[in-house]
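The structures considered in this document are given below.
Look for chain A in each of the two complexes below; its partner is chain B in the first and chain C in the second.
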Partner chain A sequence: MAGPKSSSKSSSASSETSAAIATLWKSYLDETPDRLKFIDAFLSFIVLSGVLQFAYCVLVTNYPFNAFLAGFASSVGQFVLTASLRAQVNPENRSEFKDVSPERAFADFALGSIVLHFFVFNFLG
Partner chain B sequence: MILRLSWLLLAATVRAASLSLQSPRFTISASDATQLRSDTLSLTKKPEPLTLGATDTLKLTFQITDNDEGKGVQPHQTFLRFYDKVSGEEGIQPVRVTPGGKAKFELNMARPPTSIPPTTQNPLEVSLILGSFVHAPAKYDLFDIYLPASQTPAEHPDEASFHVLPTIEHTFRPEQKLPPQFISAVFAAAVLSPWVVLIGLWGKVGVRVPHLFSPSIVPFTVLLGGFEVLLVWYWVDLKLGQVLLYGGMLAIPTVFAGKQALYTTGEWRAGQK
Partner chain C sequence: MPAAYPLPTDLSPTTVANTASLLRIIALALISSAAIASRLFAVINFESIIHEFDPWFNYRATRVLASKGFYEFWNWFDPTAWYPLGRVVGGTIYPGLMATSGVIYNILHALNLPVDIRNICVLLAPGFSAFTAWATYMFTKEMKDESAGLLAAAFIGIVPGYISRSVAGSYDNEAIAIFLLMFTFFAWIKALKQGSAFWGTIAAVFYFYMVAAWGGYAFITNMIPLHVLVLMLMGRFTSRLYVAYSSWYAIGTLASMQVPFVGFQPVRTSEHMAALGVFGLLQIVAFGQLVRAHVSSKQFQGLLFAAVVFTGAIGFFGIVGLTYKGWIAPWTGRFYSLWDTGYAKKYIPIIASVSEHQPTAWPSFFMDLHFLIFLFPAGVVMCFRTLRDEHIFVIIYAVVASYFAGVMVRLMLTLTPVVCVSAAVALSSLMDAYLDPTEPEVEDEKKESSTPASVVAKSSTSTTTPATPATGKKSKKSKDKETSAPAGGVLGELVSNVASSAVAANSAAPTQKGIFGLDTRVVVLLNTIGMLLFFVVHCTWVTSNAYSSPSVVLSSTNSDGSQHIIDDFREAYYWLRQNTAEDAVVMSWWDYGYQIAGMADRPTLVDNNTWNNTHIATVGKAMSSPEEIAYPILRKHDVSYVLVIFGGLIGYSGDDINKFLWMVRIAQGVWPDEIQEPNYFNRGEYRVDSEASPAMRDCLMYKMSYYRFAELFGSQQAVDRVRGQQVPAQGPTLDYLDEAFTSENWIVRIYEVKKDDVLGRDLKIANAFDQGKKRKRTKPTSRRKAISA
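Coming up: the complex of A and B.
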C-alpha cells in the first residue's frame, strides 16, 4: 500500500496506524467466515455486557455484591468458553486441534456453559 | 504391745496438766523513750483499749508456768493473735519463750512486723494462744489495741472482672441502601443495551441456520433450552437438591440427543467438504 504523503512525522505515524487498522478491519470483514463472525458478535456482546456491569459497580454502588460478582463472573466465564469454542472451530486452526472435532468443541461449550450458568444462578441470590 | 499401751496411759495422764499465764505486763513508750502507759493485765477483765501511735512501741512481758507445780515451762507454740472483728482480718505473731517460761514481745510501730493485719479505725483484739504436746491448750484474751490505720492495698489488676462491667454499646454499620430508582432504571437499560447491539450485529452478519428445525437437531436444542429454564426456575423457586435431581434427569436424554445432533452436523460438514 502507498504510504501517506503528509510532511510531519507524527501525523504520518498516526495515519500509518489508522491505515493499518483500516486494512486489518477490511481484511477481517472480507476473509472471516460468517460462522466466526457470528461468534465474534457474541464475544463483543459479552465484553460490552461485562464492561457495563463493572462500570455500574464502580460508579453507583456495589450493594448486592454477590449479584455483581455473579454477573461479572458470568461475563468473564462465558467469554472464556466462547473464545475457546471459536479457537477450536476455526478452520485455520485445524492443525492445532487435530483430535477435537468442531462438534466435540461445541458439546464442550454447551456443557461448560450450563455448568457456568448453574454456578452463576446459585450465587446470584 | 503392753509397753506401748503403758506409754499411752502415761501420756494421757501427763496431758491432763495445764498451762497458766503469770504476771502479764504491757508498756507503751514513745519514740523518745518516755513512758505513755504501763500496766499489768488481768486475766478476767480487759483493760481500757490501748492506743499506739505511729512512732510508739508496745512492750509485753509475761511468764508461762505449769499450773500444778508453778514451774516455768516453754510451750511448743506461743502465738499472739491480732484480730479485727469488723473486717475479719487477723495476724499471728509467734513469741519467743525462754526455757524458763519467760517471754517478751516488742511491737515498734515505726517498723511494724509483717504479721500485723491491715488495720482500720477499729481496734484489734489481742489474744495469746498456747499449744503444747504435754499440756492442754490455752487461750487468753489480753487487750484491745488501736493501731494506726494501714494504707489501702493496691487494687488487683483483675479487680474489674469481679464487678459488673459497663454495658457494651454496639455500633453497627448502617444498612446499605439501594440507589435511587431513576439511576437504577437508567443503568438497567444500559446493561441490557448490549442485547440490542448483539441482535444488530447478528442481523448484519446474516445468520444462516439451514437445518435448525430438522428432527435430528431439534431435540438437542430443546433440551439445552430446557436446562436454561431449569436454572431460571432454580433461581426463582427450587432448592439445590431438586435442581440437581432434575438436572441429572434432563442430562440423560440430552447426552443422547446431543450425540445424535452433533453426529448429524458432522456428517453435513464432511459432506460439504
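Coming up: the complex of A and C.
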C-alpha cells in the first residue's frame, strides 16, 4: 500500500506537495532504523506483487477467481502481517506494546503467516 | 484503615492468591456442571431425542458423516430432498456442527468408547454450553475482573435466553455458535489490548470456525469493523488496533472463503463490504500516521488533504462501479427485513412465515433474561465510566444487539451474552463495594493530625456516623447509585450534614468512597442474594416448562397430574417408514420436510432449507387449490402421499390450518391470478365452520384436515378445539385422495394419492359412479322403510 499511496500524492501535484514529499523521503531515510528499512523493502516487494496480480486480474482475466483471490489475499495478508511486525518492533511504539517483545512479535508474525498460507494453499485450487 | 468486619491477617499473599484461583476453578467447574445439568430436563422428562425441525436434518447429515466419512459427506448429493431437484448438501450447509460431532464421535471411538452418534448429537449443545460459560468468563475478565467473569459465566450458564437454543437434543448450529461468538470476541479484545498478531490469528481461526458453523457469523463480520470504526472516529487509533484488526481481517476473510456455502461472498456481497472498507481505511490511517511521524504538521495537512480527496473519490467510484456492474451483490432480503420489519411480509412471505423471524414481544425479554434485563443498562453505564477500548466494544454490542433482538425473536440469542456480561459487571461492582471491609473514616485520621479544618469535620462525623444505621434500609433501594456516590451522599434527610461532610471529605481525600457499618452491607447483600436466588428459580422453571419440549413428542397433564405423552408424530413417521415404498414421495408443508426425511426416510418435495421459493409455492398452491387443480400438480411431482398436521381434535395449535394462510400467501406470490388471499376469508374472518368461504371449503388442505372429522363426534356437534369453531356435520368429501393413516390423536393425517382410474375415467366421475351405484342400491330400502313407518 505504501507504493501507490506516495505516487498518488505526486499526481495531485502542487509545488508545495512535492516539497513535502521530498521532506518526507529525506526524513524517512535519516530517521528509520536499518531493521525497519529492511522490513519496508519486503513490504514494497509485496505491494508490487499485489499490484501485478490485481492488474492481471483486471486486464487479462480473473478466471480461476479463487486462485486470484488466494494469491491476492496472500499478498494483502502478508503485507499487513509484516506491517504489524514493523509496528511492533518499531522502538517508537515501545510504550504501546507492553506485552509484545520484539521476539514475541516475530513469533506472532511467523504463526500468522503459517496460518495465512495454509488457507492460501487450500484456496489455490 | 478501620474495617467493618475483621479479616485474618496472618495469611501470606501467595496463599490468598492460590486459594482464590483454586476457588475460581471450582466455581467454574460447578457453573459448567450446572449449565449442563439444567439442559437435561428434556432428556429426563422425555427421552434422548433430537428436537424440532432443523436438528433433524443436522442429525441426518451427521449420521452420513459418521458412517461414510468426511469426503463422502462433502460430496453428498441428496436426491430425496426437494424432489425431483435434489440437494447438493455439502455445498449448501454450514458444516461446522456436523464436523464437530464427527470429530467427537471419532475420538470417542478411537478411545474404544462406542457412543451412539445420536447421543453425541443430543448432548453436544449442553456440552458446548459449558465452554460458552468459560468463554464468557474470559471475556468478562477482560472487561472488569475475575469475580465479574464468574458471575457472567454463571448467568450465561443458566439464562433461559441461551438455554432456549441449547437444551439437550436441540442439535442446531446455535448450539456451538454462541461459544464461538464469545470466544472470537474474547480473542479480539485480547488482540486489541495487547496489540498481538497471535491473538488476532486466534480470533481469525475461531471466526473461521464460526463461519463454518452458523450463518450468524455476519454479526461478527460487522461488529468488529464497527468497533474499529468507532475507535478511529473517537481518535483512539493505535498501532495495537492496526495489528489486531489487520491480522484478524486478512486471515479471517480468506479463511471464511474456504467454506463452500460462503464461497466468494466476502468479496462480493454488501454485508461484508463494511469490514473491507474499514480494513482499507485502517491501512490509510496507519500510513498517514507513518507519514506524520516524518513531516511537519503543516506539510502533513496539505498531504492529508490531497490524499483524502484522491482516495475518497477512488473508493466511492470503485464501490458504485462495482455495484453497478453487478460485482457486489446488493443486500439480501433477510438483511432488509432487519431494517424494515414490514419488508419481509410484503415481498418475501417465506421469510416472514417463520415464527422465529417475528418481532420480539416485550414479556419475552423478562422471560428470557429475568433480572439481568434490569442490570443490563446499569452495566452499560459502568462501561461508560471506565471507557477503555474494550468497554466501547461492549457498549456497541449492547446497542446493536438490543436493536436486533427487538426485531427478530431468534436474535435474542445474540443479545443474551452481552446482557450477561454487563449485568455481571454491574452486579460485581455492587458486590465489590459492599464486600470491601474498609470503612471511609478519613475524618478520624484527620482529627488526629489536628488541623483547624478538622473541627468542622469532627462535628460532622459525629452526626454522620450514628445516622448511618438508621438510613441503612433506605440505601438498599438506591444501591446502584450508592456505589458511585460519595459516602454520605445517600443520607437524604441529612442534606446539610452531607454538604458539610462532603466538603470536608473533598478537601481531605477527594476519592474516598465507601460504606459504613456492617448492617448496611448485610441488607444490600441479602437483597442481592435474594435476587440471584429468584433468578435461579426462574431459570429452572422456564427451562423445565417452556424450553425443554422436543416438539416431536408432546406431553399433556392428566387430571391426576401425571404426564401423558402424545407421540403422534413418530407414530405417523414410522407408519410411513414401514408401510410405504421406499421411493414414495411425500408431500407436506415445508416445516415437516426434515422430520419426514429424518424419521420416515422418504423423499419430500420441500423441506426446512427454504432455498427454492417456487417449489414451496407449488406445494402451497396444491394445498390451497380445489382437488381437480391440485391433482395434476401432485401427479406431476410423483407424489404418493400427502401429509397434513391437524390439531383440531386435541387442540394442538401449531397445525397446518393455522399455517395455511402462509401457504396461500406464498402461492399468491408466484400465481397471483389463481390464488388470492381474500378468497379464503369470509367477510374478513378466517373461518373453518359452516361460514367458511367457498375457496376455503374446496381447498385440499381444508378437506384433508376435516375429512371424516365430524363422524368422530357421532351425533354431537363437532368442534375444532384450536379454532374454537363448530365444524359442519356434513364433512368434506375426497375424490382424488384416499385416507391412508390417521394417528392416535389425529395430529398427523396421511392421504394416499389415487392412481389413474383403471377404466381411464376421471377420478371424480369414477367416484361419483361408485357412490351413485351405492345410492341406487340403498335408496329403495330406505324408501321402503319410510313407507312401512
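Criterion: the second predicted complex is superposed on the first by the 112 of 125 C-alpha atoms of A that agree within 3 Å, B and C clash if a C-alpha of one lies under 4 Å from a C-alpha of the other, contacts with A are read in each partner's own complex, and residues count from 1 in each chain.
Heads up, the rule we're going with is that a contact is a pair of C-beta atoms (placed from the backbone, for glycine too) under 8 Å apart; a residue touches a chain by one contact, two chains touch by 3 or more.
As the structure is a computational prediction, the values presented were derived from the model and not from experiment.
Participant: With the two structures laid over each other on chain A, which partner does A:Y28 touch: chain B (first), chain C (second), both, or neither?
Facilitator: A:Y28 sits against chain C, while chain B stays out of touch.
Participant: Please indicate which partner A:F121 is in contact with in the superposed arrangement: first for chain B, second for chain C, both, or neither.
Facilitator: first
Participant: For A:D108, using the defined touch cut-off, is the partner it touches chain B, chain C, both, or neither? Pick first, second, both or neither.
Facilitator: second
Participant: Touching A:G77, do we find chain B (first), chain C (second), both, or neither?
Facilitator: Second partner only, chain C.
Participant: Can A:F45 be said to touch chain B (first), chain C (second), both, or neither?
Facilitator: So A:F45 only meets chain B here.
Participant: Which partner reaches more residues of chain A, chain B or chain C?
Facilitator: C
Participant: On the A-aligned overlay, A:E92 touches which partner chain: chain B = first, chain C = second, or both, or neither?
Facilitator: In the superposed model, A:E92 contacts chain C only, not chain B.
Participant: Under the contact rule defined above, give the chain A residues that sit at the interface with chain B and also at the interface with chain C.
Facilitator: Of chain A, residues 104, 107, 122 contact chain B in one complex and chain C in the other.
Participant: Spell out the part of chain B that touches chain A in their complex, as residue ranges.
Facilitator: 176-179, 183-184, 187, 190-191, 193-195, 197-198, 201-202, 205-208, 224, 227-228, 231-232, 234-235, 240, 243, 247, 258, 262-263, 265-266, 269
Participant: Given the complex with chain C, which residues does chain A contribute to the contact?
Facilitator: Touching chain C from chain A are residues 1-2, 5, 8-9, 11-12, 14, 16-17, 19-21, 23-24, 27-28, 31, 65-66, 69-70, 73, 76-77, 80-81, 83-85, 87-88, 90, 92-93, 96-97, 99-100, 104-105, 107-109, 111-112, 115-116, 119-120, 122-123.
Participant: For chain C, which residues are in contact with chain A within the complex?
Facilitator: 193-198, 200-201, 204-205, 238-240, 242-243, 246-247, 249-251, 253-255, 257-258, 264, 267, 283-284, 286-287, 291, 293-296, 299-300, 302-303, 306-307, 309-311
Participant: Which residues of chain A touch chain B in the complex?
Facilitator: 34, 37-38, 41-42, 44-45, 48-49, 52-53, 56, 60-61, 63, 101-104, 106-107, 110, 114, 117-118, 121-122, 124
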